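First chain A sits with chain B, and in the next complex the same chain sits with chain C.
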Partner chain A sequence: MAFAIEKNAVSGWLERLLQLGEVIAPTRTPSGDVLFSNIRSAAEVTWDLPNPLHPPKEFVLPQTDPIVQIKRNGKQHEVEAIHDGRRRFLVNTRSCDVKGIAFLTRMHEMEPADASYLRRSNNLTLISVACTTPCPLGFCICTDSGPFLSSSYDAQLTDLGQSYLVEVGSAKGEATVAEGQGLFRKATETEVSQRRELEEKARQSFGDQTCHFASAMRRISTGRVQDPLWQKMSDWCLECGGCNVVCPTCYCFSVKDLGRDGSWIRCRLRDSCQYAAFTLEASGHNPRAQRKYRMKRRFFHKVSAQYYSRDGAVGCVGCGRCVQVCLGATHMPAVVSAIRKGNWHE
Partner chain B sequence: MNDVFLPDIARLADLCDETPDTRTFRLRFRDLGKGKDFHFLPGQFIELSVFGYGEAPFCIASSPTRPEALEMTVRRTGQLTDALHKLGEGDEVGVRGPFGNGFNVEAARGKDLLFVAGGIGLPPLRSLIWNVLDERSRFGQVTVLYGARTPADLVYKRELEEWAKRSDVEFHVTVDSAQPGWTGSVGVVPSLFKKVALHPETSLAYVCGPPIMIKIAVQDLVGLGFKEENIISTLERMMQCGIGKCNHCAIGHHYVCRDGPVFNCGQIKELVD
Partner chain C sequence: MLAVPTACPFCSCGCGFHLLVGEGQLFGVAASQTHPVSGGQLCARGWSGHEAALWGDRLREPRLRRNGKQESVSWDEALAHVALRLKELVAAGKPVGVLGSSRATNEENYLAGKFARAGLATNNVGFSYYPICAPLLAGMEEVCGTPQPTLRLSEIASSQVILLVEGNLAETHPRAAGSVLKAVENGAHLITIGCRETQMARVASLQVQTTPGSEGEVMTELSDMIADLGRRAPSATVEKAAGIQSLETGDRTEALRQAAEWIVRAERAAFLIPPTCGQEDRQRNAAAAIVALAANSGHLDKPGSGILPLLARCNAKGACDMAVVHDRLPGYDRLDDAQSRQRLEDLWGKKLPSARGWDAETLLKSVSGLVIVADDPPSVMPKGQQATTALEKIEFLVVLDAFATPTARMAQALLPIASFAETEGTFTNAEARVQRLRPATTPPGEARPGWQVLADFCARFDAAATYRSASDVLREIGRAVPQYAGIQEQLSGDGWGGALLQCSRGRNPQTQVRATRTTDAESLTSTERPYLLVRDSGFDWGNDPFVSFSPTLSRDYRSQRRTFPHGFVEMAQDDADAIGLRGGRQVKLISVHGQAVVPIQVRRDLQRGLLFVPYAFRDHVSGVLGPDSIAAVRVESA
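== the complex of A and B ==
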């Protein structure tokens, strides 16, 4: 069932959500960056900002994720799992990032399920806005993660000019709309068909930003990408790990105790498969000492049929962030294209 | 839903120096009930916490047939292991696990067993060796071949003497380079193959040690008629979580922590990164 809300009523809805928990939305910082951050009043939400460079995975899987509290008392230690049960609403997020969180949630639900992650994702309500124009670097159309979604969101808003069409995708979404009692009305037939036309128009406006996963997947999954091609591509990689940092689906991590003097927080710290030390063993042996093997690993994990059949999706949501940050141009569309053509530009 | 990263507390009971940089840590769960509920197979590992540093994976070096304590043999080689080596009896550590598939002990029943270990590759096999020796009548011939760089690098020296004396174990030891006083064999571990009667048809071979030793030993065993599926090894990889989530130990879409660390050589060949 679809609802509609007038644009001038949205603030009232957000103020009600602020009473229930944290509301997170893209905001522009004084230095000009756009970041997802906690807002204190509905007036802080700017709806037409570009998608932030850092995806909202921070709110389910923080860069430094406290998982266990450790306290020493004399010779004794007490350990306790840290529970983050904050109710949070992620507002004005994009389709790609909704799919990114859905990907992470699926992965963390796999046995043994990760309670620390799932507690956060269960308490997070995703209120996304469908993209009526593709962003310059996005290729979500190739990854089935935009510009409009048919699943994974709790509530999906479509900008109809004076109002938003609101589609409800889950019980959480339903409850969130119910909080705006009196502000929402049933959407009209015209509004629903307007949404359909906007989606079609958005799909047709994708230009050259495509990423042909199928052909790359066939080659990667069957080991038919030759070493010299990985070598050539990895010669351009600067091992900065930026692609991992901004990727909505990257979740590899290390574990470390932070703190001192008998009081520590065991943290899960996001790591990068592009760093040589990622696979370095205590003995000094490193199965992926060479950069080409690390690059091969990244793309096997994201694009292979083996992982596709486990995760039900490629590990890419087409957001284009890696294109934006990669210093060596070895981002997803470039590598997929090179694999498909069997050749890397020189 | 469990808090998968929450360790149980254990206390160090005994410490035994094996080599100048390697020590065996014996530990017992602080909560005795946890100790009773902790069931494992030889070849499985735990994530051991040294509080203030984090955790690292170590194979369980003791046998499940001796459940009164868990033993880990650890070389001092980095921040965490250095901190562990500084702990003494009664100090507390954290334990998560057991993780990994472990050796299939039931499948070894009635078979002749050949153990081939190099250096600090003996601890995971020691768990299985003691399991076998504690249930000796269920297995065929037992042969243990062990080698290290120098006599000082041999671990479990007292147990090696015990195995050498036992009539129901054929035991040979060798070192890469001898030192004054060493009267035993000199040479790499695979050089011991010619000293023993091998029965490839009825045997399972367990090989564990540095990558180069494993490579040579496996080549020789295949040359001597062992089928790849009857040569079993444990793989070493950088690990953080032990439960197939952190991705450090991934080889292709397989995870050494969850799908391994025990693989037969046929399976290892199929693991393509």
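== the complex of A and C ==
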């Protein structure tokens, strides 16, 4: 069922959510950047900001993620899990990021399930805003992750001018709307059809930014991308790992203990499959010592039919962040295009 | 979650990022789309920029060495002891000195220099990266009268021609390398000059292979060709080269002619120079020749064109500007510059010493008392082992650092200071952009901001120092260094607001470069010693605390050192095949200076006839290299 809320009532709703937990929304920093951060009052939320360069996966998979605490007790060691069960509301997030978190959750639910991740994601409510105009570098229509969603969100808002149409997609979403008792009303049929028109219009206004996954998938899955092409592409990668950091679906990590006054905190650290040492073995042997093999691995994971059939989606939500962040030139659309055409930069 | 905008502490590109803080602890980095240098991008080091400060072996309390052990004491006791001991040494007529650092802030370096000159009355002041970058700066100065850059990093991407003296830009300055790739993608001609087929060389339009140390000759050749081109119309046959053209000696002249045409025809050309290797004179000459080439082709002071020196560390330029250098005064002015001297004497209220100090290498060997600010000479200086031996012999060694470096472990007095993530201050990047550091967390334990500790030193040695903040120090820098006048006010805002120093755009460049007196490296070889052993001109990031204490960044380096505890020397595949050597085999290298036994690693991207020592492993062959960074050697299997 769809609801509607007047724009001037939204801050009242957010104030109630602030009583229940952390409310996270894109905010403008003094330096002019847009970052997801905790807000202290509803007035801090600006609705028409561009999607932040950093995806909100930080709130389910922090760059430094404490997992367990290890304490020395005489000759024994005590190990205790660190729980982050804080309730969080992610407000004004975009469709691509909702799909990104859905992707991460699906992966972390697979056996053996990741309790630490799931504790965070179970307590996270996604209140997204559908995109009525595509962002300049986004290609979410190629990955079925926008501009509007039909699933994965807890609540999806559509900007109708004076009000928001609110679609509820889960029990968490229902509960969140229930918190705004008295602020929501049933949406009219006109409002529902208005939303449909906006979605159609948004789809039609996508520009040239496309990503032809299908043909790249055929070639990658059947090993038909020649080694020299990977070699050539890898000369245009500066191994910064930025694509991994900002990718809403990347989750690679390493583990390290942080020592503090006789106890240790075992942390999961965000890592990148593009770093030479990511697959470095204790013997000094590295199965993917050359960058071209690391690149091949990354795109096999993202685009191959093998992973597509496991995950039910390509490992890309079309947000276009890697296009912005790539220090070299080997972002998703560029590599997919090179694989499709069989050559690079010619 | 708090996002604190600050400057990246690694290379001299000077990117900016947000440090992410939660519950008073660093946990990550977020790039900034609005930063003028990095524009939403970072390199691997930047993305792990928070790690060293969080995970590193941090110094937490002041310590004094007693009975061979560094015992923790109070700040008052430590500071009083340091002052007392240094005063005793000075009173006994023993030499003392100060080292600043290419990773310390401008404020720390400025106060380190002030403490040496006004407090200890000596010009024995330096920083350990200076011997590596000094010839490059001297070469630039020879032509332009100043070592200032005339190109901004942001101008690289829109260049039509880029001439890159290639160390390994993709690794040393990834931000600049990214801009070079962008330019090449847009159709620019990239000309690389070096002895290896590096990543940048592979994407270049033209790869000029040279023996290390003879880059200057290539530049002179190019300059001559440009002068020739000036006398006739450019040939119509030169077309945009597609793909890579590797050069055999035969068509080298033709290829250089083509390069000369590209340079002459370009509206915007970028010249990127890192420190090179070989004898000091030749390094200086190579730098002078490339600047002269830029001047001869009209690109030295044209908007969008110019030269950019690629110093390794974030604040190497700042350290030069603040003059933690034995023969300069703040502003990089000469020691005998009367005007500059007067300005400083008026400002500091002290008569300044006029005798030149010792250079860093001599200083380490000769002083009895030494104060080191965030520097680790054994990991930075060309002769690392020698630096360690020298430090061990120093009677009274005071170290201010945030990290437990090998130097810190040797200190008689160890004073913990805040790292870049916890302090206020500024860095000056390669293009002369002064940028603010903002504290994201509090320093660990009792550590204090470095400027505060140094201000305390100055006060105890009667060199006026009443600063309430790092901004006060920067304001004083504005009076001591004319170029920095007004910088403090420009940086006081909320945003990134880096302040660009005025770059001199080549005042009457001296385009006739004097010839080197030294012989070129290639002619050192003979049938008896047919190989050239070359020490990498680079910088050993693996031993830098910002890398070695980062779990993510240290892995490669750690593994390499564990796998090769005795280091290695790289050899070209064809050479190894010719003598029947495989990777991992030990060889004996013999030069006129000495010999060493080291394993070799076989490389396909290396020119024949060269043996290459990574900077990290330089000490294993220091006896073979002798005083220089290049030596002719014979190879015997061991």
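Keep in mind that, in the parts below, the second predicted complex is superposed on the first by the 342 of 346 C-alpha atoms of A that agree within 3 Å, B and C clash if a C-alpha of one lies under 4 Å from a C-alpha of the other, contacts with A are read in each partner's own complex, and residues count from 1 in each chain.
Convention: a residue touches a chain if its C-beta (ideal position, glycine included) is under 8 Å from a C-beta of that chain, and two chains touch if they have at least 3 such contacts.
Here the structure is a predicted model, which is why all the values come from computation and not from measurement.
Enquirer: Looking at the combined model built on chain A, do chain B and chain C fit side by side or clash?
Expert: Partners fit side by side after overlay.
Enquirer: Considering only the touch criterion stated at the top, classify A:R297 as touching first (chain B), second (chain C), both, or neither.
Expert: First partner only.
Enquirer: Tell me which partner A:R266 touches in the superposition: chain B (first), chain C (second), both or neither.
Expert: After superposing on A, A:R266 lies in contact with chain B but is clear of chain C.
Enquirer: Please indicate which partner A:M1 is in contact with in the superposed arrangement: first for chain B, second for chain C, both, or neither.
Expert: neither
Enquirer: Check the residue A:H345 against both partner chains and state whether it touches chain B (first), chain C (second), both, or neither.
Expert: It touches chain C, and chain B stays clear.
Enquirer: Would you sort A:S254 into first (chain B), second (chain C), both or neither based on which partner it touches?
Expert: both
Enquirer: Given the touch rule stated above, what does A:L280 touch, chain B (first), chain C (second), both, or neither?
Expert: A:L280 contacts both chain B and chain C.
Enquirer: In the overlaid three-chain picture, which partner chain does A:A171 touch, first (chain B) or second (chain C), both, or neither?
Expert: In the superposition, A:A171 contacts neither chain B nor chain C.
Enquirer: What is the contact status of A:D33 with respect to chain B (first) and chain C (second): first, second, both, or neither?
Expert: It touches chain C, and chain B stays clear.
Enquirer: Could you tell me how near the closest CA atoms of chain B and chain C get once both structures are overlaid on the shared chain, in Å?
Expert: Chain B and chain C, overlaid via chain A, are at closest 7 Å apart by C-alpha.
Enquirer: Kindly list the residues of chain A that each of chain B and chain C touches, one partner per complex.
Expert: 254, 256, 271, 280.
Enquirer: How about chain B: which of its residues touch chain A in the complex?
Expert: Touching chain A: residues 1-7, 9, 49, 51-56, 75, 77-78, 81, 90-92, 94, 210-211, 236-238, 240-241, 243-248, 250-253, 272-273 of chain B.
Enquirer: Any idea which chain A residues touch chain C in the complex?
Expert: 29-35, 37-38, 53-54, 58, 62-64, 235-236, 238-242, 245-246, 254, 256, 258, 269-272, 275-277, 280, 284, 324-329, 345
Enquirer: Can you list the chain A residues touching chain B in their complex?
Expert: Residues 67-68, 70, 72, 75-77, 79-81, 107-108, 110, 112-116, 118, 223, 251-257, 259-260, 262, 264, 266, 268, 271, 273, 278-283, 285, 287-288, 293, 296-297, 300-301, 304, 306-307, 310 of chain A touch chain B in their complex.
Enquirer: Flag every residue of chain C that touches chain A in the complex, lowest number first.
Expert: 1-3, 5, 18, 20, 22, 26-35, 40-44, 46-47, 50, 54-55, 170, 174-175, 177-178, 181-182, 185, 199, 202-203, 494-496, 551-552, 555-556, 559, 562-563
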